[in-house]
Each structure stands twice: as C-alpha cells, then as structure tokens.
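Shared between the two complexes below is subunit A, which pairs with subunit B and subunit C, respectively.
Moving on, here comes the complex of A and B:
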C-alpha cells in the first residue's frame, strides 16, 4: 500500500508517531478517535510479528504495522495521560505551597521560643518546640469572650445575609424587572466604597441607636459587606434552576412560595451553603468595623490578635498561636460543608 | 424529601439560634456595656494594647483608695487614632478616660477637658519639663503623663569590656573604648565593631524619631520653629542627616527598611554592637537571647547642643463628652499618685521623676539613670504641636530619610522636604 493509498487517519498517525510532538498526549487522543473510525481498514491489515521498535518508523513501515501502531497509540495515550497528570500534580503542589506556606509558617512560628520567632535570618521550623505561646495567648484576659463574640457576630451576620439575600436574589432572577437589574448593580456599590469610609458613619449611627458595643451592631455592619456578594452568588444559583421545575410544582398545586420553599430551595441548598460560608468567613475575619465599633463587651478575636502588636514591640509567638487557634473553627466548618460547597460550586456549571 | 427534611431542620435550628443570639446579643460576652457614665464608680479607659499593663496596678490601687474601678478597652496602636477620631467626631464616646499618644494631643485638644487642677506646683516639679510643656495646649493642661520613654544607647557590655577589643580600639582611635557620648565616638565605635559578620550599629530609615533627636543635639528645633516656620533645611538638620547617613557603612544592609522592630531584633540577635533605642527595650530582652545579661545602657549621645532625646509620653485625658468626669479625674489623680506602680509592669515605665528615681539603683533597672539624664537634657524637646505632625512624618520625613540612607544628597532632599511640609501646612 502506497502512502497515497493509506487512509488519512493512518497517515496522520504515522506522522504523529514519527514526529512525537510535545503534545503527544493530545495527538494520541485525536489519533485514538481516528483509528476507531477506520476500524474496518485496521482489521484488514496484516498482523505480522512486530519489528524491534524503530525510533523513527518510515511511512512504508507504518503502512504495514497496524497492530504495532495501535500499541503505540495506546502507549502514547498512556504516556500523555501520565505526563498531564504529573504536570497537574506539580502545578497543584506549587499552588498548595504558594497558598499554604504562609499558614504553615504561622503554625510553626506559634511553636517557637521568643528569640526564635525573631531570628535573623528567619527559620521555618522551630529550633525548640514549645507550647508556651499557646498558654500565653489563651491565658490573656478577654480571649475566650472574644471567641464567643466572634462566633455570635458571624452567625447573626450570616443569618441576616441569607434571610435578605435569598428572597432578593430569587425575585431578581425570576421576575427580571428593570428595577431588579438596577438593584443588583446598586447592591455592589457598598463593595466599591472603601470600608473605612462607611465604618465611621456606621459606628456613629449605631451609637446613636443605642447599639454601641453590641454584637448585633457589628453583625449589621458585617452584613453590609456580605450581603452584596450573597445576592450575586444566590442569583447565579437561582439562574441555574430551570423554570420548568417550578411550573411543574405549580401544576401539582404549589403556590409560588410553596414551589420556592419545597422545590427551588432544596435544589439550591448547595449554593446556600456556599453563600453561608462566604458570609460567615467575611464576618469571622473582619477587622476594621470590629475595631471601630466594639469595646469591652463585644470585641472580636481579630482585634485581640492585633493587640499583640503594640508600639513597644510585637509578640509574634502569642499572636501566631491565637491566630492558629482562631482558624480552627473555619477549617472545620469548611471541611464539614465541603460536599455542599463542591455541589454548590458546580451548580451553575450545569445551567443549560 | 430528605433535602426538605434537612432544610426544615436547619431552618428550625437557625430560627432558634437567631432568637437566642438576638436575645443574648444585648450583652456580649466581654462584660458590662462600654457606655460612658454607665456607673458613677466605674470608668472605661481606652488604652493602646501595650499600655494596658502600665495601668493595671494603678486601677487596682485606685479601687482600694477611691472606690473607682476601671474597665479597660484595649486597641491596637494603628487603629486607635481612627477610633478616637470616630467617637470624638460623633460626640458619643464609649470611654471616660483615654490614653493618648503625645502626637495626638493637638488633634484632639478640642475634644478633651482641661485638667488644670491636677497640675499643682508640686506635680509640675515632679514631671519632666518637656512633658509639662507638651501637656499644656492653648493655655490649659489637657493630659496627665502616664508614662514616658526616650531613646538611649544600648550597647554590648561584654564586647566593650573585652580586653582585646579595648586594646585594639585604643591603638586605632587613640582613646579608651567606652559607651559613646558624642557623635564622633558613636561613629568610631560603630566602625570598629563592624567586622566578622557583625555590625557596629543600625540605621533606621523607616522611622524619624532618631534623626530628630540628632537635630535637637545639633541645636535646632525639630522641623518647625516656635512660629511654625519650616526650618528643616537649616544647617543643624543637614549636620544631623549627614551624621545619620554616615553610619550606613557600619550598619546592616537595607537601612531604608529598618524600623523599630527590625532594629530591636538585630540587637537582640547579637547582630549589632550598639543601638539607639527606646529605654523600655532594656527590660524586654528575651531571656534566651544571646545578648541577655550582656547589655549596658547609656544616655543618648550629645551634639553641639548637648544630650537630647525625643520623649515618647502617653497622656491620660478626659473627653468632654463623658458623663463621668468626676470619676475619670479621680482615676487620673490615682494614676499620678501611684505612678510608680507602672514600673512593675512588663513595659516598666513611669512619668514622674520621683518614680524613676525610686527604682534607678535597683538591679534590672540600669536603664533608668540614662533615661532620666536624657529626658532632663537641656536640648530634649517634644515633637512640634501640630495636628498635621503624623502627616508630615508619613509623607515627608520618612520618605526623605529612606532616600538619604540610600545615598541621596542631603541638601537636595531637605529642600524638597521643606517644600512638601510647607504645602501640607497651608
């Protein structure tokens, strides 16, 4: 069989094997698809003994070695997959180091002795491991109270965000009115203003309302941060739910609210979990509003952590120890809701 | 169906939690409400986190003496100015006493009450003169110094006492190796110890106070004269800047970025033989530091105008908006009467001369004599009383110093800074 007579896929395959381009895996995948379509021809090809693997098979050799070619295709595909997988792992490991290193450094620092924390040049691992920083940090006055305040504030803020964002997002996506579109854009305005610009007026307003130094005041302030994001997130999740589902529920006798409650909300529960965790995190880690609006009874942990840096020095050990302890609840919460979060994240992807 | 059940449960739990939280939210976990004047015998004291310990002993004593108890609101330094501005501007304050950094006094002079009655003649004699002057704004005393600090010289006593070093130094410079008292000696000693991976001193490009102390030592007021004219380009400022930058060759690299924390770390790690640093650092050297027990303290060096430092006091003030003025003033009086109790704290500072003198001969307080001498220095002066001081520091002085330690021409930089400051003050 001359080269000219060879089916186009086979010729393409031969060239690809000969050149072994960098994207061998991709090419192999294309070839695999191609050979499937030329199955009849492949079946008619001779099945003689395979020659000792030539490094650069000639067109003639490729024309007569169909099974060997198929083996090559399979090997190429496997090698390609392996290479891709290795590359992915390297990228993943690099990303993990990039994102995880600061936290790991914080964690290691929390176990260092005072002189070790300020070593020049800095060391990653402690020379001597100690729990003294944890004892100092947790033994400090007001730390336990600040944890309770943080939890209280974050939970109230999350609930407020969800209670307001879910109906708002549902209304905007289902009714698609011009005012809805204006509203959803306007909701972002609070995100465009620097927090310090609204922090001071908010603090004054709360004081005037008699809510100074209360978790509810701080929760309301935190809701101004999380609400726009929650509305946008929930809108995208509601968009992914087909109208047919609600119509079917209406046919079965549900009211509009009934359909929302019984059908739509369960479908977007993953999205609600994602929104809740974002709102919770926004409040849990917020610093500026907490600094401006809290004092004795509602001070949250981020402010207490910052108090380890004074104008007379920085207690790195205690600061990192408290920060490490403070991050445990959110890590646990994220792990607990991991499945819901993944489900929520992919909810928008199936919109069609 | 299971989703529905889960959601119903979550909703029920969420609703219940909200109700409980909203009910509980009226009283956060931290304690009683931080409302000014909530109880006549209780005062809320707003204090920077580092200063809290200074006042803890005072608060206990004050409760015993007068029945006035104190709740402390601790805030980080960087956020405290914002908080004070916010509350003073709203006219609704959550505290009865505020510990104010000296540089904030001009900014908040209209928001705090005069406390002239606490500045008796006896009190004025027992407070460092520079502080008495600074506390008086527009003819009224508006803050009582609670504690003060100043830069002194901390040096490696073990290296200075080493016989080989002494002999080599004398052979090279022609005089005995001892804690420096002049600019020239500081330059020589810094140069001498810059060897074998060690540096003679640090140069802090990230902070301005040290250079300003040298300006005072050279005989000029800092940046502004008594009529608020910008004098940053005079000969004293240039001499001080030239001296400051001359030390760069004897200091660790990256001087432009070195600030207090970095300089303290370098000294505590044994990387520098001397540092000009706030006196409190003497008592804060970690026990496991290679220099622990090997550090000596000396007064700040002097220039043509003699020894001078820039004091770093904090003042206790009573906001006009508090409804608890009497108890607040009682607390401040307690803080003055028992000022020495702060010395026992981790920060270990006071503001009264008699309090420092009480401890100066006790072991562990060797930094007090040099501190007293520096604070009493003829040329020692507080920073200019302008509400724009922090702006001047952040936008003109520190950037100018960073360029200078990186090799910029001092005269050109000072001239540029002058224009910048004049624009700021317009």
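Moving on, here comes the complex of A and C:
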C-alpha cells in the first residue's frame, strides 16, 4: 500500500488537503469538501473517481519526490516513530480482518453446498465450491421480481425525494425566512419519528387510496425517511454556493427560477448526486415499511430474504446467496463513489 | 409581476411541506387518534372511544415497561461500544495518516449493507450448533464446548447479542464522523503538547476529547436515535425472544399491532414512544445542534 503509484498518491494528497482546513469547525471543513466536489463536478459527470487536482499543493507528499527518511515526517496526530507506525499497521490489519470477516464468511457460505452450510462443526471455506445456492435462490418464485420491485421503488423514491428536496432546500438556504427556519426544524424532527409509529396508519391510507401493494405506495413511504435527510443535505450544499452567482444571473435577465435551474443546479450537481445515493440506499435497504405495506405484487428483496427463514425452513445457503447478490452491487457502487459519500455522510451527521 | 422573495421561498418549500404533512403528520395524527379507541382487528368492526384507557393499560403492562428499559439498555450498549470502537479506529486512521486512506474506504463497507442482511449474517454466526463463533472459540480453547454460550438463546445475554450487528453496521459511521473531527484539531496544538511532555492518555483526555466534544455530541445523538428505533436486526435474529428478552419498543409495538391484534393499545404505546423520542430530539437540538446558528 505504501508503494501506490503516483497518480493515486496525488489524489490522496489532494484529499488530505481538503480534509485539513485548520482552525475551523467540522461544518466548514465538510463544506469545503462539498464545495470542492461540486465545483469540480460542474463540468464532469457526477459519477466516477474525482480527477486529481494538479494545482493543489501537496505539502505532505512523501515517498516519490523526496529522498526517503527513516522516520515518517509526522504532523499533528500522525505517528512519527517507525516502530510505532509498523505496530499501528499491524493493529489496523487485524481490525480490518475482524471487521471484514463476517461478510467474507457470508460469501464463502454462499458457495458451499446446501448441506455444508449447516455442517457441524462449520468450516470457514467451502469444502467444495458450487453455485448451487445461487441457482436455488435466483430460481425461486418471486425472487427476480423482488429485485425489480426493489429497484423500481428505490428509483421512484429517489426521484421523489430530489424533486421535493432540491427546491425546498434552496428556498430555506437562499431566502432565510422565518418559515424556512421552522420548516428545516420540522424536517429534522421528522427524522426522529419511529417508522413503526406511522407505518400502520400510512399503510391504511394507501389502501384507502387504492394503492395497496404497489411500488408507488412503498416509495412514498420510503420518501418519508429520505426526504428530511435530503433536505438537510441539499441545504448544506446550497449553503456553500456564493450568493453572487445567481445575483449575477438575475442581473443578466434570468428569472429567479431560471437562475436556480440554469446556474445554481449545475454547480450543486455533485451534492445532488450524494443526496441521490443516500435516498437510494435508504430505500434499497429498508425493511419495516416494506414488510407492512407489500404483499405479493410489490414485495422487495429484503422482505423476501426475511421470508426465507420461515417459509422454507432454514435454507441458509440460498439466503446467503440472495443476500450477497443484493448487497454486492450497492457495496461496489458506493465504494466507487466513496469520496462523495464520505462528504455526504459527514454532512448528514453534522446537519441532520 | 414579480412576487416577493418571501413568497417565492414559500412556493419552493410548499411541495415538500405538503408531502410531509400528508404522509408524516397526518399518519401521526391518526396514530394519536387511534390510541383513544378500542379497536377490533377485524376490518369494519366498531371502534369504541375509551379515552386514556389504552395509556393506563400500556403503563400497567409489564411488557411495555420491560421493553422501555430494554430499549434504553440496548441503545446505551450499542452507542457506547460503537463510540469506543469508532474512536479507536478514527485515531488509528489519523495516526497512520493518508496512506491508510484506502483502508478507511474499505472500512465503510458495512454501511451499505441492509440491516436485515446484517441481522441474518450475525444470526448465522451466533446460532447454536452450526454457528461459527462458538466453534472458533471452542477451537481456540476458550469454550469447553461450542454451544456453551447460547448467544441468541440465553435470555440473560440475548439483548447484547442482538446488538452486535447494529454495532458492526454503524461503527464505520462513528469512525467517519470522529475522523472528520480529528482532522480539524490543529496540529500545532498537538505538537506543542508533545513538546511539553504530554503522554498519549493526557493527549487523548485533556486535548483531543474536549476539542471533539461538539462532533461527539452530534454523533452520539444521531446514533442514539437510530439505535432506539432498531427493528430489522432484532426481528430477524430473535423476533424479540426468547421470553421477550430482546423485545425492544419497536418490536413490542409491531407485535401488539400485528400479532396480538390490538391497534388501540399499540397506538398508545407508539404515541408514548414517539413523545419520548421527540423529547430527546428537542433537547438534543436545543442544546447541541442549534441549526442555522452554526455559521
């Protein structure tokens, strides 16, 4: 890992700088990250790894450029002594193994034969690698349909969250009216509502509206979770956009709505991408509303996974296979987009 | 004609506000209203107004009070362990500097996993007979037999066992937030303290933790509220059992509503639970966040 090639090193350095505004609160630190992200993405596509910023000075660049020193040049909380660093690397390796092991075990189990999955005593690695569990899990009635339902619900919910949250957050941050202040507090309070408290009334409302057991009903329910978070995230991103930007646009003859659409939205596209990922993940992984509001037609995969253990006895093999298939795409996607997600996650924590 | 800025802002917020009013506020209103009725689970059956009777029944029931204490204990254990582990990892990543960045990213992966999957996975690891944890501890010579500890079947410890997936899922989040906070501690300050001969514990307790206080407060509140609402992981692992020993508030309300068919009582419980959560939320917001004043 220490021999990473130069472009990657540069990227880390740029990131380290972005993370290191001294003498500032967390909020501004994160806002700095957010601004940088959104600024850089204005032209590029909102996905993919960020390009390195060559203009960024890299004060901590060690290794490639300078002659290697025996002791790492430490600053602040970084460990300086070589032996300490080696020790810490060992601790990190142990922690990563422990932390990563459960999911690896899930993967290994999914490749075991169905009988081996419940062998006593269990083994870590499969004795015989097979795709049987995957064939069983995916071949089961309703499983593929549940994937489509999950994706459909998550996409509708994400779009709904964005369509509602983007203008609302803009109204809150740009005009700072008393009603805006009340509204953002109300959105924050909504985050505290336990889903179990509104699940049943919500389900009966949907039934009355004739939407029982549809992806629409479930995505509306999921939006009650993701909308408050989206409003908070988007507010933080808008906060980082200088006012002059749309003032200049309005002077040039743009209407306020036009300025928002043509000038501000492109600048915060990075922030919108972060918000979209969060809304998508919230819906993709949600279980309680899905359990309460779906039956056969619109069942999402988390409900199907949970049903495996009652309906078919304890079919651990298929269950692990399905869980793996369901989790891996989002893990890969989010690891690819990690820089944006890190910015958003910390923002979400600080703001709501 | 140009509308005023104030009105324009209102128009921008209206759709989201309307959505939250219809799909959050109104169901909450329905919940509170239902809590005042005795409701038969059969559709179309009559509703009898019983006033606060459901609340009296809730507070008188052992299950409700038990679930309340278990929810508190669960939340405390989850948040405390997560905080300790998350802080440890954040310090480790900070000490290793930017070369550990790749691993910091990998460390985030549980955050993307559905709680239901995490619950199943840990159930599989801790289950009696073919659970891997008991077997590994046995092979390491710590346990005399692999089933010596009934992680999910012993009422005395099950509440802590069901907390494990929750801790595993969100320690990364704690680490991430604390790491971001650590990056803002001025390096000069640490170096000055080091020059003065401060050792690691002093550095941690007298400098790092006090400086991190606002970040810690936010992280604890966010996670505390989530942990107090935990449902998926517990339902999939034990369904509240054995003998209700892992039945937290969300589960009790769910079971009262669905399994025991008493929507009135469940609504009363839900209302009390909601008020408790909102009380905590308001307290937290008033003392810690103060949104809009952080610039």
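Structure notes:
Criterion: the second predicted complex is superposed on the first by the 218 of 352 C-alpha atoms of A that agree within 3 Å, B and C clash if a C-alpha of one lies under 4 Å from a C-alpha of the other, contacts with A are read in each partner's own complex, and residues count from 1 in each chain.
Basically, a contact is a pair of C-beta atoms (placed from the backbone, for glycine too) under 8 Å apart; a residue touches a chain by one contact, two chains touch by 3 or more.
Bear in mind the structure is a predicted one, so any value in this text is a computation, not a measurement.
Touch criterion met: A:88 reaches subunit C, while subunit B stays clear of it. Of the two partner chains placed by the overlay, only subunit C lies in contact with A:187; subunit B stays clear of it.
Of the two partner chains, subunit C is the only one that A:79 touches; subunit B does not reach it.
Number of subunit A residues touched is higher for C, counting subunit B against subunit C.
Contact with neither subunit B nor subunit C is seen for A:97 once the two complexes are overlaid on the shared chain. Of the two partner chains placed by superposition, A:248 touches none, neither subunit B nor subunit C.
Look at A:306: by the touch rule set out above, it reaches both subunit B and subunit C. Once the two complexes are overlaid on the shared chain, A:336 sits clear of subunit B and of subunit C alike.
By the touch criterion defined above, A:195 reaches subunit C but does not reach subunit B. In the superposed model, A:125 lies in contact with neither subunit B nor subunit C. In the three-chain superposition model, subunit A touches both subunit B and subunit C at residues 118-120, 196, 200, 204, 288, 306, 309. Within the complex, the subunit A residues that touch subunit C are 1-2, 4, 12-13, 15-16, 19-27, 29-30, 60, 72, 74-79, 84-85, 88-89, 91-92, 95-96, 99-100, 102-103, 105-106, 109, 117-122, 124, 163-165, 167-168, 170-172, 174-175, 177, 179-181, 183-198, 200-202, 204-205, 220-221, 223-224, 227-228, 231, 239, 256, 281, 284-285, 287-288, 302, 305-306, 309, 316, 319-320, 323, 326-327, 330-331, 334-335, 338, 341-342, 345-346, 349-352.
Within the complex formed with subunit A, the subunit B residues making contact are 3-4, 6-7, 14, 17-18, 21-22, 24-35, 44, 46, 48-51, 71-79, 82-83, 85-87, 89-90, 92, 94-95, 101, 261, 264-266, 268-269, 271, 278, 280-281, 284, 286-290, 347. By the touch criterion stated above, subunit C contacts subunit A in their complex at residues 5-6, 8-13, 15-17, 19-20, 23-24, 26-28, 30-31, 34, 89, 91-103, 105-117, 120-122, 124-125, 129-132, 135, 138-139, 146, 168, 171, 173, 176-177, 180-188, 190-191, 208, 214-215, 218-219, 222, 225, 228-229, 231-232, 235-236, 249-250, 253-254, 257, 263, 266, 270-271, 273-274, 277-278, 280-282, 285, 289, 291-292, 294-295.
The touching residues of subunit A, when paired with subunit B in their complex, are 113-116, 118-120, 142, 144-146, 148-149, 152, 155-156, 159, 196, 199-200, 203-204, 207-208, 212-216, 219, 262, 265-266, 269, 288, 291-292, 294-299, 303-304, 306-314.
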